[in-house]
Each structure stands twice: as C-alpha cells, then as structure tokens.
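Look at the two complexes coming up: chain A is in both, with chain B in one and chain C in the other.
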Partner chain A sequence: MLINHRRVLQFPALLFLILIAFPVFAENAPSSYKPVTVPNPATDLWRAVNPQQLPPAEAAMFPGGDSQVQGVQSGVLINQLGQRWRHFRMGQLLPTGSYLLAGAMLAILLFYLIRGKVLIRDGESDKKIERYSIYERLIHWFMAIVFLFLGFSGLILLFGRSLLLPWMGPELFSALASAAKEGHNLFGPLFLLALVLVFLKFVIRNIYQKGDLTWLLKGGGIIGKQDVPSNFFNMGEKTLFWLLIIVGGLIAISGVVLLFPVFGQGRDIMELSHVVHGIAAVVMLSVIIGHIYIGTIGMQGATEGMTSGYCDLNWAKDHHSWWAQRCIDEGKVMPKQQGAAVHHDNPAPAEAEK
Partner chain B sequence: MIAQLIEGPLWYFSLTVFVLGVLWRLFMILRAGAKKDLAVPRDGGGAGALRAIFSRFVPERTVRRHGKVQLIAGYMFHLGLFALLFLARPHVDFFAERITGIGWWSMPHWAFIVAAEVAFAGLIMLWLYRLLNPVTRLLSSADDYVGTVLVFLVMLSGCLALAQSVEALRLIHLLLAELLLIYFPFSSLMHAFTFAFSRGYTGATMGRKGIRA
Partner chain C sequence: MARMKFYCDAERCIECNGCVTACKNENDVPWGVNRRRVVTIKDGEAGERSLSVACMHCSDAPCAAVCPVNCFYTTDDGLVLHDKDICIGCGYCFYACPFGAPQFPEDGAFASRGKMDKCTFCAGGPEEDNSAEERRKYGSNRLAEGKLPLCAEMCATKALLAGDASVISDIYRKRVVNRGASVLDWGVSYENASLRSSKGVQGKATMEE
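Here is the complex of A and B:
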C-alpha cells in the first residue's frame, strides 16, 4: 500500500491551524462564561514609572518607586514635568527667543538708519576728564569677556540644534556643542564673580536721583536734539545696571542651580531654573546688544571712557552735563596732550555721586 | 593622519625643543656669569640668594597697597595653572603614560573646576590690566601678548575638552600645548625658570654687601 506522504503532512498542519483559530471563533461566538480579568504586570509597571498616564487622583498613589540609589527623586523613573518643559523649550522659548533677539537687532538697525550716529554737538574738544579708573574698566571688560563667551556658547546650546546642525553636520556640531557646554559651565561662575565685583564698585553711582526721570521723559537727548542734563550715570545707564544686577543675578543663580545639583533640588526645580535661565539670558542679550551698539558705533566718544579711562569734555557736557560741570568746578579737566595718569582706583568716587 | 602627527612626531619634537631650549637658555644665563666683586664680602651670597628667592613671594607693603589687582590676580592665575597642570587627573595620567612612568595624587573633579575658574579669572584680569594700564601697555611687547594668548588658548581648549567625549577637542588641546612648548623657551614665559636666577642674583649681590634685600 502506498502512503501519500504529502497528505500525511497536510493533516497535522490543518489540525494545527484549526487549533490556533479556535480561540478566535470562540471569542466571536456568544458565550455564557464571564471574562476573566488578568492584570498585565507590564501595564502596572508602566503606570508606576509614568504616573502622568493616570488621572491626578490615582497618580497620587504613585509618589515614586524605591531605589537603592540614594538621591533626590532617584525613585522616579519618568519625570512628569519633563515633557511639559521640553514642549516649552522647543515650542516657545526657541521661537520667541529668536524673534526677540532678531527684533532687538532690527530695532537697532532701524534706529541707526533713522537717527544715525549720535555726534558730539560742538565736536571734540582739546580737553578731557577722567571717567573710569583702571579697576573700574578692568571689571567692566572682565564682565564683558565672560558675558560674551557665555552668550555665544549659550546661543549654540539653545539654537545650535536648529540652526547649526543642518549646516555643520552631526560630527562637527557634536564637537562644538560639547565644547560649548563645557565652556558655558566653566565660565558661568565667573559671571557671578563679575556681577558681584561690578555691583560693589558701581552700585552707589547707580542709585536713582532727582532728574533721572526727566532725562527719560526727554528721551535722554538721543531721541531729538535737545540738551538733557544728567549725573555721572544717566537714567538709561542706571536702568541697564539694575537690569544687569537683577536679570543677570537671575541668570547666575539659576545657572548655579543647574550646574551644582547638590543642594537637594529636584528635576522640577532644575526645569524651572532652565526656563528662568533661558528667558532671562535672551532678555539680557537683547539689552546688551543695545548697550554694545550705543557704546561703540552708535555714539561718538562713548568708547573712550571705557578704553582710555578719559572722556572728551564736550561729550561729557552733552551726555552728563551736571557731572561735567562739577568736574570743571573742581578743576578736574585737563588738556588731552597731558599723559594719562595711572590711578588704580577712582580718587574720589563718592564725590562723583553728588 | 593629522591625529597621528599630533600624538606622535609633533609631541616628541615639541618636547625636545622645550627641554633643549630651556636648558640652552639657562646655560647661556649661567655662562654670562657675574662681574667679579673685588670688595671684601660682608655676608654670604648664598644666604642672600635664598632669602631673596623666597622672600619675594610676599610682596612689599607698597606693592600690596598699590598693586592689589596684579597681586591677587597673579597669585590666582599661577596657583590655578600649577594645580591644573600638575594635579589634574587627565594631566597626571598623560605624564605617567608619556614621561614619568608613574602617576601621583590628582585633584577631585570639583577641585579641578575650581582651579580652572581661579586660573581663568586671574589670567583674564592680568591680561586686561596689561592692556588698560598705560604703563604696562607701554612696557608690553608682542611676545607678552603671544604668550598670554597661547596660555589662554591651551587652558580654554583643555577645559572645552573636559567631557572627553570628542577626540578632536582633545587633539586641539594637545596641538596648542605643543605649540606652547615650542614657543616657551624663546619667550618671556621663561620667567617660570628664570625668576629663581633673577632673584638669586639680586639677593646674592645684596647679600655680599650686607644688605637684606
């Protein structure tokens, strides 16, 4: 008797298929059996590590897991607020920040095109007044160097992925981003040091005085052509100083919170710090762009005070006329040909405040 | 190709130039000798030399009063740089692997960061002081600026490569360090060695005259 081998193999295969298909038929068929709920351990695990999947009342039942790692929130595997922070960073901080920075630069360009360079009304004189001591200039430029380094490295970290990565490619950008991160972290505490030094040195002269508001209401003599008197620092400079101290202080403190996660701060605090750090930095950068403009190409004679330490007498009369008059009365005006005296500090800064 | 050059031949070349250059400069200083002192010495020159070498680390009162920035920034930079150069873990490993064969105690990471902060603050302030003070600006030559910039770039590139995740950054740091080694013997950076000779010479001369200089 001949055995058809093909049929022999077909039979078990058919049986196997029927057995597999049976539960499907059984499921569709009406049944009197009650369904048995078998809890899926994977689902519970997922809920435990990611409580945001649950309604708030149930989420409270999962405060966090246990871990042998001892640390703040070390029992939390998935941070509930992480996604919210990421959405804010990508969806709001980046576009708004870029608009703000671009807007600041555009506004300055427009201002330059409309107003032009602010010139000394009577031209440069042959006399000068000492404006800043070596130490004052030193801490100003120290802060400037540190701020610019932090600004550029911070912009790479914030916008690099969107702007530089497509252009540079992943290898070059990863090197740049890694360098920017390390440099940013390293120079961060130096900004705090600079901030403290600048605050201690300049705070007295930046306390608001009578006449400051008038200066502001008259546009500081920059908008329009009228003469607006002011003290050693005008309202604009004083406002910049306090912005630097307050907003810069926020940047520095939030930076320290991010840089040293050893004070018991959790991820929620770190994310909040990052948001504050990002917003404050973009605001400060926009303000400093204006400061750099008016201190360099925007105003004739503005740079000299911070480079040589002396300013032109006519420049001082134009922009700080009360202070200039005091210097004239006290005999502090000197001819420009006279060699620069080496003052290690302002000889009488307290007098300049009056 | 470039990486191999920086890691191999250029490293040995720069180290050779540095060692031979420093030895040659010191030999030339010693060879110049000192004018013979015909007067009867009142005191020993050796004691005067030693006293001057160490006492100069504590500046005179007038310097302390009028040169606070240079004094504080100077110490910050030099101590920070010394700590970074000889006590940073990557450097200790590098020296042990390439030069000494043995390692030594290295700073923890947080101390490394503090040392880098201190050194950077000091260097930037000294650099600014040189530029802003009309006297030091007048006295400074291109060599001073080149030396400062090179040291700054070596420090900066080292710190930017701190994550040790990007090989290119480490190579840039090594390349800059090699350029610094080559430049070092022919520049004012030699004061790292010659300060002892300079102070010792002055101290010995004054010591023989019986002056506590």
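Here is the complex of A and C:
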C-alpha cells in the first residue's frame, strides 16, 4: 500500500515539474508580440487531428479519434511518421545503402588488387581433414540460397525503380517486382528457419575464446605473412557468425512483423520494422559480399570445406592451426585419394578420364 | 487547369457516414476496403467534431514517392491515381500516406496484400473512360461524365466539399466569415453565428452575391 501511495504521488509531482518548467523556457524566448489570449476553439480539434507534431507530454492529451470503420488505427487522422519513413527510405536508405554496397564491392576489389589471392603457404598437400559434415553443408547452402534469393529480390524492390525500371519499362519491371515481392514473402520465413538451424549447429564452436583478440590484432594473418593460430573457427568467422545471428535475427523478426499484418500492428510498428529491416539487410549484404569473396576466389582451398566437406591439411595449418594440430593428434588426417599414388605413376588413364 | 480537392468542414460534419456508404455503393468497393472513413474526435464529449477523410490527392504525394514500381500518376486535374496493372501490393504507400488512404484487399494466404485500392476522386483509372475494365478495377468515373465525387454530392450537411480547389476555398472562406472566425471567441458553428447580423460584419461575406 505504501508503495502504491508513493507512485500515485510521483506522477503529479513530475507533471508539476514539467508544468513549471515550460513557462521558464517560454520566457527565455524573445518575443516582440503578445500572443492571442483568447483560445481558438478549433485548435483542440487540429491538435487532435495531428497530435504527433506536439511535444510527447501534450500529445498524450489528444488520443486519436474513433471511426465506424473497423480497422487498426482507423481513428488516426494524420500519421506523421509516414513522412519520416518516406524520408528514411528515399533520403537515407537508398543513397546510403547504395554507397555501402558499392563501397563493400570496391573495398574487396582493392583488397584483391593489393593483397591478391590468399594462397596456401606450402602449397596443397596430399592429405585432407573432414571439416563439415553433410548436415552442416546442407544447412549452410540452404541458408546461402535463401539469403541470396531474398537479398536479390529485396534489392530489386529497393533499387529497381531507379536502376531497372528506366530500361525494362513499367510492365516488364512490374512483373519482375511482383515476382520479387511474392518470392520475398514466400521464402522469407525459410531464412528464420535456416538461422535457427545454423545457430544450433555452430554456436558452440563460435564462442569467443583466448587467442581471438591476438588474431584480430594481427589482422587475421591475411594482411601480414605471420602465422596466427586459431581454433575450428577463427575470430573473423566467429564475428561473421554473430553478425549473422544478431543482424540476421533482426532482419527475420522485423520481416515477420511486416509479412503478417494480422497481429494488429499499426503503421508505426511496420514503419519501424521496415527501418530495421532495411538497415540490417544492407549491412548484412555488405558483410556477406566479403564472406563470399574470401570463401571462393579470395582464398586458395577455402571453398572445398563447404563443397566436398574436406579441407586440405596445409590450408588447415595456415588458417586453423590449433584445430589442424588437434586433428593430427587424434589421427583424423586422411589421404586425399585412395588412388592418388596410382594417379601419379600412371598419368595416361587420368587423362583418358578427362 | 483545375486542381481538384476535398475539404471537410468539421463544423458541419455530423458523422452520418453517408459519404462512406455512397462511396462503397458507387464504386463497388470490396469487403474490408474503405476508401473513405469518418473519424470522430472527442466522441461523446464536449467539443466533439467529425471529419471525413479519404485520399487527399496530395501535390507532393508520399505514396507516389515511395512506390517501388512507380505506379502512381497525377492527372491534369491534380488527382493522384494509380495503375493496378503495375501495382504489386507491397504496402509502401500505406506506410507513407499520412491519411491512411491506401487500402489492401486480402489476397491469398496469411492475409497477404492484394493490389492497392484507394479513392480515385470518382475518376477511375488509366483505362478508357467508363469502360467495363475501368469499372471493374477502379469503380466509377463520374468526372468523365462531368460530375463530382458522389461522397461530396451526397453529403447532407454539405460538410464534405469536392471540386476545383479555388471554388472549394471560396465556399469555405465565406462560411468562416459568416460563421465568425472562431479566433474572436464567438464560438463556432450555428450557436453564435446568428448573433453576428447585428454587428454589421455580415456584409463582408455576402457582398459579392
């Protein structure tokens, strides 16, 4: 009871403080004319029509109206957040997003030109280690395909009007954009599923541990030539994983809010969700551009783990030396091909196979 | 060139929803779609006012700005119309519109959005005027017949005005002057308007006639 009384008293006290604070501000403002002292009876109406332009404390005094039309927020006459959202999409997300994505691709091009392909230091060996099981590869490629589809269809909706519409024409572009929207909606929830599966499978190996900071400080061994040991996943891969879980999770959750307009969410929540969805998606796409580069043309031997499931022993020594050492100790290293020796001795049948 | 506008006089609207009914009937609007609605502020309290709202045919329309497929166009009469053959039903116009004008029929699974539908100022769409195709997609095209939107034509108290912006504003200006600008604290609406004849100001509004 005592606590309740205190709470009851706190609110009027706060209100009183706000009320006495306002005239103080008003007096500081220079004014050369006397305000109209007679209140306009219509002002209350127009305040209620557009309460978002008022300070939050005052806006609370003007709740929305009522309408015979049943629907979420049908009593709201003016939703000013719409203009804010318009500014976000047209004035912020479009230009910033294009700079970010173009910047990411340019950065990778520069990295490739300066650093070149990351080669295995001692060349490929004739031994291999199992890196990803069939299930791990399956969920990776499941997520990859879903992500790329959602990424491209989302980019069509974001940049299509400025990039594709002028030369495709309205009818053709509309068909493409419609397919992009329907596909984005249809396959969107699969990304959430992929995210959960990937999280459950890979989370333990992605917990940060001792040595990760050293890896970061040494630039992952990519910039310099020195050996930077790491475990199954190095610091960069772990960061990608957590970015994927957190940023990707934001994309998925905000996407669900946008996809199912049946939970009674209003425009304000959907606008906010779109802001989160847009920023997170553009950031994630930029990160994934880097991931795709270093996983394919950027590094010798990197793709094999995700395609065949096995990686080269020397590649593992270069990039995951602690894990490679553990595999050697546990006797998990195996020859690359059963017929490898035969292959070298008899080049003729190998050529015939081709 | 005329610039078509709606204006709803809050001092006259009595929340009869006649405009809503007229619109639904005239345009064969599907279930769940309301091109026009009446919103009442302070319902049941002192100072209650109602406003009828639909697409306001903005000069700088937010819906047209954010549309990813650019399906909106502005007619010579200043109306913001859209092409349902191009619309993909993404809902962006609904996020951007301040008035809640764009409506979406439920289409397919999980209440996903169909093609957007909104007030056309009874001016149809890009199809040939008064063609069956236009009627099916957008409803009535009264403007092509030289008529104004039915919501305003049906308004019993003439609260909802539709037509050329300069004409509408002239009508409303006369009303305000006759009524007594409420800034002078003569109250609003009919209650105090009758007092004004004795103050010799009435002539101002009626001089032209």
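Simple rule for what comes next: the second predicted complex is superposed on the first by the 268 of 354 C-alpha atoms of A that agree within 3 Å, B and C clash if a C-alpha of one lies under 4 Å from a C-alpha of the other, contacts with A are read in each partner's own complex, and residues count from 1 in each chain.
We take it that a contact is a pair of C-beta atoms (placed from the backbone, for glycine too) under 8 Å apart; a residue touches a chain by one contact, two chains touch by 3 or more.
The structure displayed is predicted, hence computed values, not measured ones.
Asks: Is A:V69 touching the first partner chain B, the second partner chain C, both, or neither of them?
Replies: In the superposition, A:V69 touches chain C alone.
Asks: Under the stated touch criterion, name the partner, chain B or chain C, that contacts more residues in chain A.
Replies: C
Asks: With both complexes superposed on chain A, which partner does A:Q83 reach: first (chain B), second (chain C), both or neither?
Replies: second
Asks: Once the shared chain is lined up, is A:I145 touching chain B (first), chain C (second), both, or neither of them?
Replies: After superposing on A, A:I145 lies in contact with chain B but is clear of chain C.
Asks: May I ask you to decide whether A:T96 touches chain B, chain C, both, or neither, giving the answer as first, second, both or neither?
Replies: neither
Asks: In the overlaid three-chain picture, which partner chain does A:F187 touch, first (chain B) or second (chain C), both, or neither?
Replies: It touches chain B, and chain C stays clear.
Asks: Touch test for A:S174: chain B only (first), chain C only (second), both, or neither?
Replies: After superposition on chain A, A:S174 lies in contact with both partners, chain B and chain C.
Asks: Would you check which partner chain A:R137 touches, where first means chain B only, second means chain C only, and both and neither mean what they say?
Replies: First partner only.
Asks: Thinking of the overlay built on chain A, is A:G309 touched by chain B (first), by chain C (second), by both, or by neither?
Replies: After superposing on A, A:G309 lies in contact with chain B but is clear of chain C.
Asks: Can A:P261 be said to touch chain B (first), chain C (second), both, or neither?
Replies: A:P261 contacts chain C only, not chain B.
Asks: Would you please give the residues of chain A that touch chain B in one complex and also touch chain C in the other complex?
Replies: Common to the two interfaces on chain A: residues 174, 178, 181.
Asks: How about chain A: which of its residues touch chain C in the complex?
Replies: Residue positions touching the partner: 36, 38-42, 44-45, 48-49, 64-69, 71, 73-80, 82-83, 85-86, 89-90, 157-158, 160-161, 165, 170-171, 173-174, 177-178, 181, 185, 258-262, 267, 270-271, 274.
Asks: Along chain B, where are the residues that touch chain A in the complex?
Replies: 66-69, 113, 116-117, 120-121, 124-125, 128-129, 132-135, 156, 159-163, 165-166, 168-169
Asks: Once bound in the complex, which stretches of chain A touch chain B?
Replies: So the residues of chain A touching chain B come out as 134-135, 137-138, 141-142, 145-146, 174-175, 178-179, 181-183, 186-187, 189-190, 193, 307, 309, 339-340, 342, 344.
Asks: Across the complex, what residues on chain C touch chain A?
Replies: 10, 15, 17, 20, 34, 37-43, 47, 49, 51, 53, 62, 65-71, 83, 85-92, 94-100, 110-113, 182-185, 187-188
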